[in-house]
Each structure stands twice: as structure tokens, then as C-alpha cells.
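We call the chains A, B, C, D, E and F, going by the order they appear; numbering starts again at 1 in every chain.
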């Protein structure tokens, strides 16, 4: 590996790690002020616990080839035993940053009502039982879904669809926030949401273009696509809400960016720039529309993880079946989509792959949620929810902007 | 191109893109709390609309060589048709990040009173009618201003002077904010201003050192200069305001950094480190002094884009005529300045180049502004201005820090 | 040097520079709202004054070899005279970013009561009289401490221990904040603390992995370790406070990250991944415990710089004596620690090196503090402290969140 | 003669009180974010591993100027709406208002309500 | 005997009212950020494509304790200064104050103003 | 009959006043962040090199409803606790309260305190 490629993966890893606090701010600004710290901590905690789980067992399970080859790895490399090749270490932590952000994405769906202790246990368990196998099927040695020919450049299925479905399973057990949907719960700090969205976009360049594994033509195209899909997602969402409600909003711009980026994620190195605009624009409109699903079906996905990450991920995975274009990448080794002479084969594989992951993720996540609920309990008490999770779970107040405090040591 | 150079341009592009939200926060913190979201959105919107315009036509217009060679490109590459060389794509999006931030800079001058719909139309129109031609003259194939021998390493004229003059033209049509200059309108959130300034400085390393086009000696020097000019700008501004008002302020530090960075932008790869200190120090003092011009001449440049970006840009462009030092760059291929044995020739070209751009930009921007004013209207109503643009343009409130909301669905 | 290595150092320099505003936010969020701007400015000011001092004399003093070889450099390269090799310039500014952040770290210990003018003088004086010699002993040509065989990969002793001891010396002269320890002074803005911590971690990848000097195996390992130590530090701190107080806090997570990162800094390229987990975990617990020292011994280290940076740095420096593992780095050229067959020799050198630096730093810093106190005065008046430093030192208010201002020009 | 009814209530009861007042025919009210000390006793927070008690709990003050005749009825309506039967529900008190002017029109007394 | 004049006004009229009070010879006043419901009727915001009404509009409460003799004049001065002739301009009301103390000196009554 | 004691004090004296009230046997109080204009005269800030005066200084309003018999004693306790002998210490004033209800229980008058 050339030093330039090493540098690109180093930088990309740092960028992807930076996305998780970005997500924390993006989500944190959206909740009410009494829950912002809990939201931040749910995300930041993933940066703490997941790397530990990853180097102790996770990495080994997505790497080793054993009896269940194609399905799951082995414990051969547990604790990074024998992992001494620098390039292997490099990719071990690049992948680790994805393992960090995936459970963090889930936090937005369960915001404002989940027990901190339950979350603390949920994250490592979910990473091992759901993220790791799905990751293996798609990126592991001979992962069976990838072997069949489906495409997921940077984690549309592994990360976004996976996280979105996990939200559905968790909130099926957790229930709605008190007052929802009657009460409006608007963001308490929109500049914070915008800072978060900006950091997410910035980091996403590492996420998508780093997934090329080198600073090559594929990385360059993925970079361009990451730019264009975010742009088109934003403009499409702003346009959709202007048409519907008459106003273009800050929250809409931030959400549209993320929707576009989610949609291009699985396709970033498989499609050209104009296709990236199409991915972004379609996701911007459809994810905006998908927000209303939660009211229709009565599930309380607090910060719309389903509408943005699940729906956006599905859009991206699906559109690959149409837009994948190996020619644009010098005849690269992947199936062409419908629009580029590839027949429906790729589309079928895309759908299969996404359906399999959704079913697996829902079932296992639901079981985890039920188990946690039966043991430590998944949800805070009514009183704790009313006082806010910052106080009840962490004994802290986010903002102390005035001088008159009146505090006594105890 | 080596992978290390590709990586550097990838990173630089991400850094420059990150500058626009940085600018959004820098400006957003400076306005009153009722207008912060509008300020954020004016900037972030540029990240959405400009890339679309750029890949559809802008890039082609700054690239293709046609009948008007030296003046403007052609539509040959519209929609990136035929742009398949990865290196070309790489530089297409690196340039795109500059196209994004230039109109965003303008937003600070028109803050607090411009209609959102007018801004939404203004940005793409201005990019095509003003930014694109000026960019071509200086960076396009055989651009006539560059051919004559003027220097603009990373966009002092194309970006900062251009944006500053556009502010003057826009506010000539837009008028002053209600209450200005009688009412004081201090920043509503100085920590936000500081976060923004920090992101700007961070990103500016990509802006200036990325403009070297490779990770080479020129990039290294530009990086060093970007560091030193920001430092000197900050210290000079703090010193100037301490002398004048007796206090060193946070806003002064943030502004001084930006002033120094603006001034070094055109010269980043053309002068040595001590010269960079001089650029920064001179800009820090003169931009601080230039703030008073708006009171003298009665134009309401809300956040001092003219004093910082126009004046700073002019200082940088002008000082190049004195400090440009090809020897320090191994006898690089550009004219030497007055202090380094080059005679006044370079200085004359610098002045010419800046005057031409200012005149062109002012006239075209003024026409655009008049046209918008006559059609959709440039300015919000008096009532909307008083209520604040966040509510009137976007139906949102930036901060909801208390619990008692009292909201009803309609 | 390959372009990929150049790029890595460019990126790392930008990342480390970005850490200083990150630190500003980390500290700024922790103080009371009346002092936040002062805190921001104390940090950001270091980004202004230190580079100037560095290029004028500092760099020369850590580089030139003269009569006092091994102890201090010469003024041969003052003003960067003769420094024309791009690679030399590259490392000059990479080192400069460390010189910037070290005095910034000190600001957290003296928060809420130090005169701005005293700080403005203190920073350049301290950099020249304390940072520069210590830097030379460890990283300079034949620096005597390094020659003896102690290890400090990325600045545990030079930066963190140094800054922590300087806090002790400064506050010995400065005294306690009014009301401390009776009054509780909780953070005024915890989301700001978290943004700051996130930027610090992000930048720390450049800090540690950039210190490898190239994008090589050592950088990769340092990167991995930077990840793992931050993770383990966070989890250990959260665990410790859960055990003690029953609650995991946001401030705890942010502090634990920093504690882990401080501890791994001197060892980043000298130990393996599991050792990095140990460094982080030990630092997380011990730094948390070390907070209580200030109550025991009655010194008012406002934001716990001593507990996190001094104690964390000592832990890291000390543990190197046990965990240093040249074999893991292909038999690299450094002494092995006790656990890896190296005997106590390295441990002795580590202790010696840290003790020497602590003694030197304390004495010189104390003299500087006394001198400043006798001349311009170190501490603000009682009234200024009560009104807050933002108003009294900078004539600014951080937040103006409501509309009713009532301000008159004077 | 008019009366000012002042209530200090729990923040999340603002909407209920507002509805109750509307139902009671009250057209206007003014609310203020306040903090209160009382029997409720504060909550505990943690800073750097040390616990401390925050005495001042967030409350909302509701002020309504009403006609003399309506004062008790309005006060009772607030009491009914703000009640959660848990400690800290707050207080309602009534004071005299001598004169009331609507700024926009200059109308006085009951007409100004 | 003293009077407390309380006014609820539009936030951007604070400066005008302050000037008017100064002109009326009033040396001190206290203001509070409040929010009000009244005929003005709130504004509409958008969240996730759904519109909702925010009832509580930002207002500022001005409180001035004055001598009995000045109360009406002061109230009128506030009314004149705060008036924009648009809905939501607010109210002014007057109540009795029995006793007033200046904390710094312990002066009482009119001397304490 | 009850009395409302209202005090406008310096923000950093809140804890002292709270302690003094507790010592005086007062079990409840309500505080509000306010801003005040008075003789104290404001402070100067700088914006873009230009100085301007901010008139409205941060103060805290303390409100306590007490029994008629305790009003003066409570007012004096506040005065003693809030005093720093520097300009801007603030005011205390007393007004009548006609009726007081504890929301939780419906208790009236002194029982509601």
C-alpha cells in the first residue's frame, strides 16, 4: 500500500469517528432541552464501548474463516491476537468506526424514554448479535450476501437499514413517548442540529470515499457522489416542504442532507455523478414523505430514524439495481443495473439482500429488547420521563445560563 | 498523480466544504437570536444549490475552450459529459467547494432583511453570471487576467473581493436594517462565532494549501503561511482594539483571524513566512479600521463582509505586488514583487485585475439585485423584519430552552 | 519524503491546530456563563501569539545546535532564517501546533480569576522559558533526556505533565476562586463541553499518529491506540462514577475520553492495542479519583487540569516503563518495558525524566507568576470576579438570547 | 374593580391551565418562567463525582387580571387544572387591581381585559 | 402610599418605554421576559412538515413602583410609549404598595424609590 | 389576611436571602430572573470597536407570601441578607394578598403557605 493510500484511510477513519459526535449533536439539538445530555451520551457511549467489544471479539468474528464460512467468523483473532500486519490493523479500525456509528444511529428512534442502564447493555449486545453477522454476510470473507452479487459500497444495508429496522423493533417494545402524538416536541436547539449535520456531511466523505480502500478513481467518484447526493437531498427536501407547507426550514435542510447521504451510501462507488443527483433528489422527497408514516401507523420514532435511515437506505439499495454502472468505473467487477444493460438480476439481489437483513435484524433486536425489558427494564418511569432524562438518568442539567443557582452540597 | 497528492486534494475538498457551515456558525452567532436560522440556512443552502449548478453547467463554463477563449468556456461538458478522468473529477469538485463558499460569504452583508425566496434565486444566478466568468478569467484555460500575469493563489480576488463587492451592490438595492445605525445589534451567541471561526481556520488549510494542487513544497509553504497570517491577524486586531477601546474582545479575535486569512489567500504560495506575518498584521489593523467606513458612508453591511473580505482581499492582492518572491520557491514561474527585485509590473497587474473584477461584479450584481427587487422583491416586510426572519421566512424558532411550550396542532 | 507522508503531516498539523479551539469549547462549556468568553479567548489567543513567538525565536531554540548542545538550541534560525527545505518547514509547523496547545491547556486551571493582561504576557514568556527547553531536552537534537533513553512518543511529558505542573505553580500564586470550595460551580453548557471533547479526540489522531512523522506502521498503531485509549478512558470513568455516585454523567464521559488520551500520548507508538486499553482504563479510574486531591490539599484547579493532564500524563509515562514493546514494532529502536523483558531500566528513565521536567517547570513557572503578580498583577479585583471576566476583561456578553436589549451608544 | 389572580404551577401543566382558563372565559394571560423553593425539596445533581442539591425548581407563574366577580371562579379553575396531587403543585393567590388600561386602545377596566 | 404600575408590552418597545419613564421622572424600573396569550392569537411554526400554533408570544413586563400621586401619569406615559396600534400591544395595571424599602440604605417609602 | 413581600436583589445574593428566609421560618418562595434600571447605571460593552451602555442589569426578584403578622419581619430579613452596601442592592416592597390556595390540597390562607 502506498503511503498516500494509508493516509487516506487514516484520515477517513478519523472522519468517520468524528461523525458519531456529529450525530450526537444532530440528535441532541432535536430533542427537548431536558433530554439533550442523555441523547449526547447515548451516542458518545458507542464510541467508548464498541471499540472495546470490537478489538476483543467483534473484529475476529467478522474476519476469521471457520466452520461457518460465509455466515460468521471465528474467535481466532480475539483480542487482535496475531493481527500484526499494519494494513490489517488499518482496516480493523476503519471498520470499527462503522461499528461505532451504527448503534448510535438507533438512539434517535428511542430518544426521550429509554433507561440509560438498558442502553448501556443494549449497545454491545446488539453489535455482537446483529451488526457483526450482517457485516460478515456483506463484507466478511466470502460473505454469502455479497457472494450472491448484491452491492453495498459503504454500508447502506449494513448500517442504515440495519439501524432503522432496529429502531422499529426496539420501539415496538418501548412504546410511545408520553404525550405523543398529541404534544408537539420541536427541537430545542436548531443551531446544534445544523452543526451536527455539517459534521456528518464532512465525515461522510471519509465514510463513503474511504470505503474505496485507497485514494483511487473509485474514491474520487465516491467523493463526488457524496457531495452531490447531499446537495440534491437538501434541495429536494426544501422544495418538498415548500410545496407542502410553504416554508423551507433549517430542520428540513439538515434532514435532506442526511437523507441524500444515506441513499448514496450503498452506491457511492458504483454510480456516476448525475445518478448521485437522482439518488439524492429521490431520497429528499421520499424521506420527507415517509415522516408521515409514523403518524399513520402510530409508532413513535422520535427523531425519524426510520424515515431517513431505513427509507433512505432502502431507496439507495433499490436504485442501485437501476443505476449501477461498471463501465463508468473502467469496467469494474460488479453487476450492471437495469438502466445500464444489466437486466433485473442485480435488482433482485439488492431486494433479497435488504429483505434478509431486515428480517434478521428485526427478529434478533426484538428478542434483545424483550429480554432487556424483562430484566433491567427498558423504559424509565413516568416521573423520570417528565422530569427529563438528563436529571433522572445522569443527574445533570445541560444549560445553566443564569447566575442565580442556589445549590447546596449534600 | 501520486496517491498522496490525490489524498491531499480529497482532504482539502472536504476541508473547504466544511468551511461553509463554519461560516454559517460564524455569521449565525453574530446576528440577533431571531435571525440565526435564516443566516444558517442562507449559507447551508449554497452547499445544496451550487453543486447542482456546478455539475450541470458551471464546471463546463469554466473549463471548455470555445469561441470566447480567455473570457468564458463552453457548454461542452455540461452535466459533466465526457468528464471521466478521475483527476479531472477531483479538480472539478475541489473548485466546486470554492463556488459554494463564495455566495455564502455574501450572506453576512445582507443579513436580517433579505427575503428567503430572493436569496434562493440570487445564489444560482450570481454564481453563473458573476462567479463563473471571474473564475474563468483567473483560473480558466488561458484566462485573460491570469495571462497578463496577475497572481491569485487561492482566490483572494475570485472569492473574497468578489463576494465583498457583491455585498455593496446588493445592499445598495436592499437598504439598511430597521434601526441601523441607531440601535446596537450585538452578537447573540459569541461561542457560536468562535466555533465558526475555528472551523474556518481549520478548513482554510485545505483552501490555501490545497490550491497548490499537490502535497508539494508549495502546499507546505501555503500551509505555513495560512497559519501565520491567521495568527498575526488575530494579534493585530486584538492590539488595535485594545489601543482604541481598551479591551480585547472575542469577536475581535475571531474577526482578526479571518482578516489575516483573507489577506494571505491570494499570496499563500507566493510569499515566505515572514511576509505572511506582515500580511496578517496589516490586514488585522486595516480591516479593523475599515469597520468604521460603513458608518462614514452610511451603508449597512450587517456583519462587515466589506471590511473583512473586500478590504482584506484588496490588501492581500496589493501586497503581492511587493512581497511576491519566486526565488523562495526555487525560482518558480511567477513575477517577483517590488521588494524582491520585480519592479512595479506585478503591482500594476494586481491592481488592474482587482479593479476589473470589482467593476464587473458590482455592475452585474446590481442588475441582478434590481431585477429580483422588481420581480419577487428583495426585502421582507417591516413586520417580518421585526418578528425576525426565522419565524417569518422559515416558521421556526432557534432555541426552545424552557419546558413550558404551549403549542397546538393546527 | 513521499507525497503520502507529506499529506499525513499536513493533515495532522491541521488536526492538532483544530484541537486548541476544541479545548476552548471543552473548557468554555465548563465555566460559568459569565466567564465563558474569557476562557475561549485565553485558548484562542495561544493560536495567535505562539506561532509568532515560534517562528521568530522558538523554533530556532529547539533546533539549532550550539554551545549548550543537548540543553538548548541557538538563535541561528531565528525568523526561520535559512529554513528553506520544505520538509523542515513541515516539521516546524507540526511542532508549532504542540507549542500552541500546551499553554492553552494551562488556562483551565486558572479559569475565572486571572487578569487578561497577565495571561497575554504569561503565554509567550512561559513558552520560551519552560516549553522550549523541555521540548529541546526530549525532542531536540541530542536532547539530554531522550539521549538517556526515556520515551515520550507524542508529548506526554512535554505537553501534559508540563501544563499540569504549570497550573500548580500558577495557582499557588493566584489563589482560589471566591466561594471555592463552598459554592458549587457546575458547567454552564454541557453540550459545548461535549463538542469540545469530540474535537479534541478527532484532533488527537493527528497529535499522536502524526507524531510518527510519516504514514507508516507506527502511525497506524498510534492511531489505533488513540482510539482504544479514549474508549477505555471513557468507559472506565463512567464505571467509576457509577460505582461511586450512582450516575454516569456527560461531563464524566468527556473527561474520561481526555484522561485516556492523555495517558496514551507518550506511549502511542510504543505499545500494542491491548496495552492501550489498559492505559485508558487505568487513567479513567485514577484521574477520576485524582479530582478529590484538590479538596484534600485545598488548591483550586478550576477545571481539573491537574487531575486529568498531570495525573494522566504521569500514568502514561509511568506505564511505558511496563508496557513498551519494541518487538511489536518489528524490533524498533527503543527500550523494552518491564512486562516485555526490558528490566527496570526504562522505568527508571521514565521517572527521572518526569521528575526533572516537573521540578524545572514548577520552579520557572512559579517565578514567572510571582514576577507578573508583582508587576501587572495576576488576579482580577473582587468586583471584576463577581461581575464575571467576560464583562470585566472583554466588555462582552456571551449570550444575548432575548430580544429586549436596551442599549445606548455612548 | 379588578383582581389579579397569580398562580405558581408546574411547567408541564401550562397547557392544561391555559385550556381551563379559556373554558372559564378568560381571554388573556401572562406567564413567566420562575423557580421555586418549597416543601418539594429540590433534586440532586452530580458534579465531578460530588452530589449537590438544587433547591430552585422550575415553575411557571401565570398571571390573569379578571373582573372582581370572576376572581374566585378563575382561581378555582386554575387549581383544578394544575393539580397533580403531588408535592410541588404550587399556589394561587389573589390581589387587588385598581386600574387596568389596554395599551392599543386606551380602554379602561373590564373593557381592557 | 405607593403604587406599583405593571405593564405588559411588546419586546421591541422596551427602549421607548424606558425613555418615556425617564422623561416622566421615574428613576428605576424592573423588567421581566414573559410570554402572553391574548387576542393577538399566536403564530404558526412548522415541524417536520406539520404546522402548529405557538400561543405564547414573547412580551416584556415592566414594573415601576411610584408615588401615589404619579401613578396615573406614569401609566399614561407607558401607554403612550408602548402603543403601536396593532393587536397585542398589551396592558397596564396599577396596584397598591404598602411599604417600600431601599435595601442599601433602609430608606422607606418615597425615599426608597 | 396575607401579604406578598417582593424583593429585587443582586443575583449573587439569592443564596443568602434564601438562607435568611429559612431562618425566619419562611418555607416557600418564588424567584424570577429580571433586569433592572436604577441609579446603578449599567455597564459598558464593546461591539466592533464601539462602546455602548447596557442599562438593564441582571437582578433577581424574590416573592414570598407570608402571614400579615410576619410581613415586616420577613422584609427586614431580606433587607439584611441582600445588603452589600453598594449601589444597586435593590428594593423590597409589600402588597396585600386577599386569598391564597395550595393547589395540591385546596387549603386556604395561612394553611396554604
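Note that a contact is a pair of C-beta atoms (placed from the backbone, for glycine too) under 8 Å apart; a residue touches a chain by one contact, two chains touch by 3 or more.
Small disclaimer: the values here were computed from a predicted structure and weren't measured.
S.K.: Where the contacts of subunit A and subunit C overlap, which chains show up?
M.R.: Touching subunit A and subunit C alike, sorted by label: B, D, E, F.
S.K.: Rounded to the nearest 5 degrees, what is the angle of the rotation relating the C-alpha atoms of subunit A to those of subunit B?
M.R.: Subunit A sits rotated relative to subunit B by 120 degrees.
S.K.: Is the number of contacting C-beta pairs greater for A-E or for C-E?
M.R.: Between C-E and A-E, contacts are more numerous in A-E.
S.K.: Between subunit D and subunit E, what's the gap in Å when you average each chain's C-alpha atoms?
M.R.: 18
S.K.: Please report how many Å separate the Cα centroid of subunit A from that of subunit F, as a whole number.
M.R.: Here the centre of subunit F sits 51 Å away from the centre of subunit A.
S.K.: Compute the distance, rounded to whole Å, between the mean C-alpha positions of subunit B and subunit E.
M.R.: Roughly 44 Å, centre to centre.
S.K.: Which residue numbers or ranges of subunit E touch two or more of the other chains?
M.R.: 12, 18, 31-33, 35, 37, 45-46, 50-52, 55-56, 95-96
S.K.: So which stretches of subunit C touch two or more other chains?
M.R.: Subunit C, residues with two or more chain partners: 2-5, 7, 11, 184, 186-187, 189, 195, 245, 247, 249, 251, 394-397, 399, 401-409.
S.K.: Answer with line, ring, star, complete or other to describe the graph linking chains that touch.
M.R.: Complete.
S.K.: Which bits of subunit B are touching subunit E when the two form their complex?
M.R.: The contact residues of subunit B facing subunit E are 386-387, 391, 394-397, 404-410.
S.K.: Can you list the subunit F residues touching subunit E in their complex?
M.R.: 3, 7-9, 32-39, 55-56, 59, 61, 72, 75, 78-79, 82-96
S.K.: Could you please specify the touching residues of subunit F with respect to subunit A in the complex?
M.R.: My answer: residues 11-12, 14-15, 18, 31, 33, 58, 60.
S.K.: Using the touch rule from the top, collect the residues of subunit F that touch subunit D in their complex.
M.R.: Residue list for subunit F touching subunit D: 2, 4, 18, 27-33, 65, 95-104, 106, 112.
S.K.: Where on subunit F does subunit C make contact in their complex?
M.R.: 12, 35, 37, 43-46, 50-56
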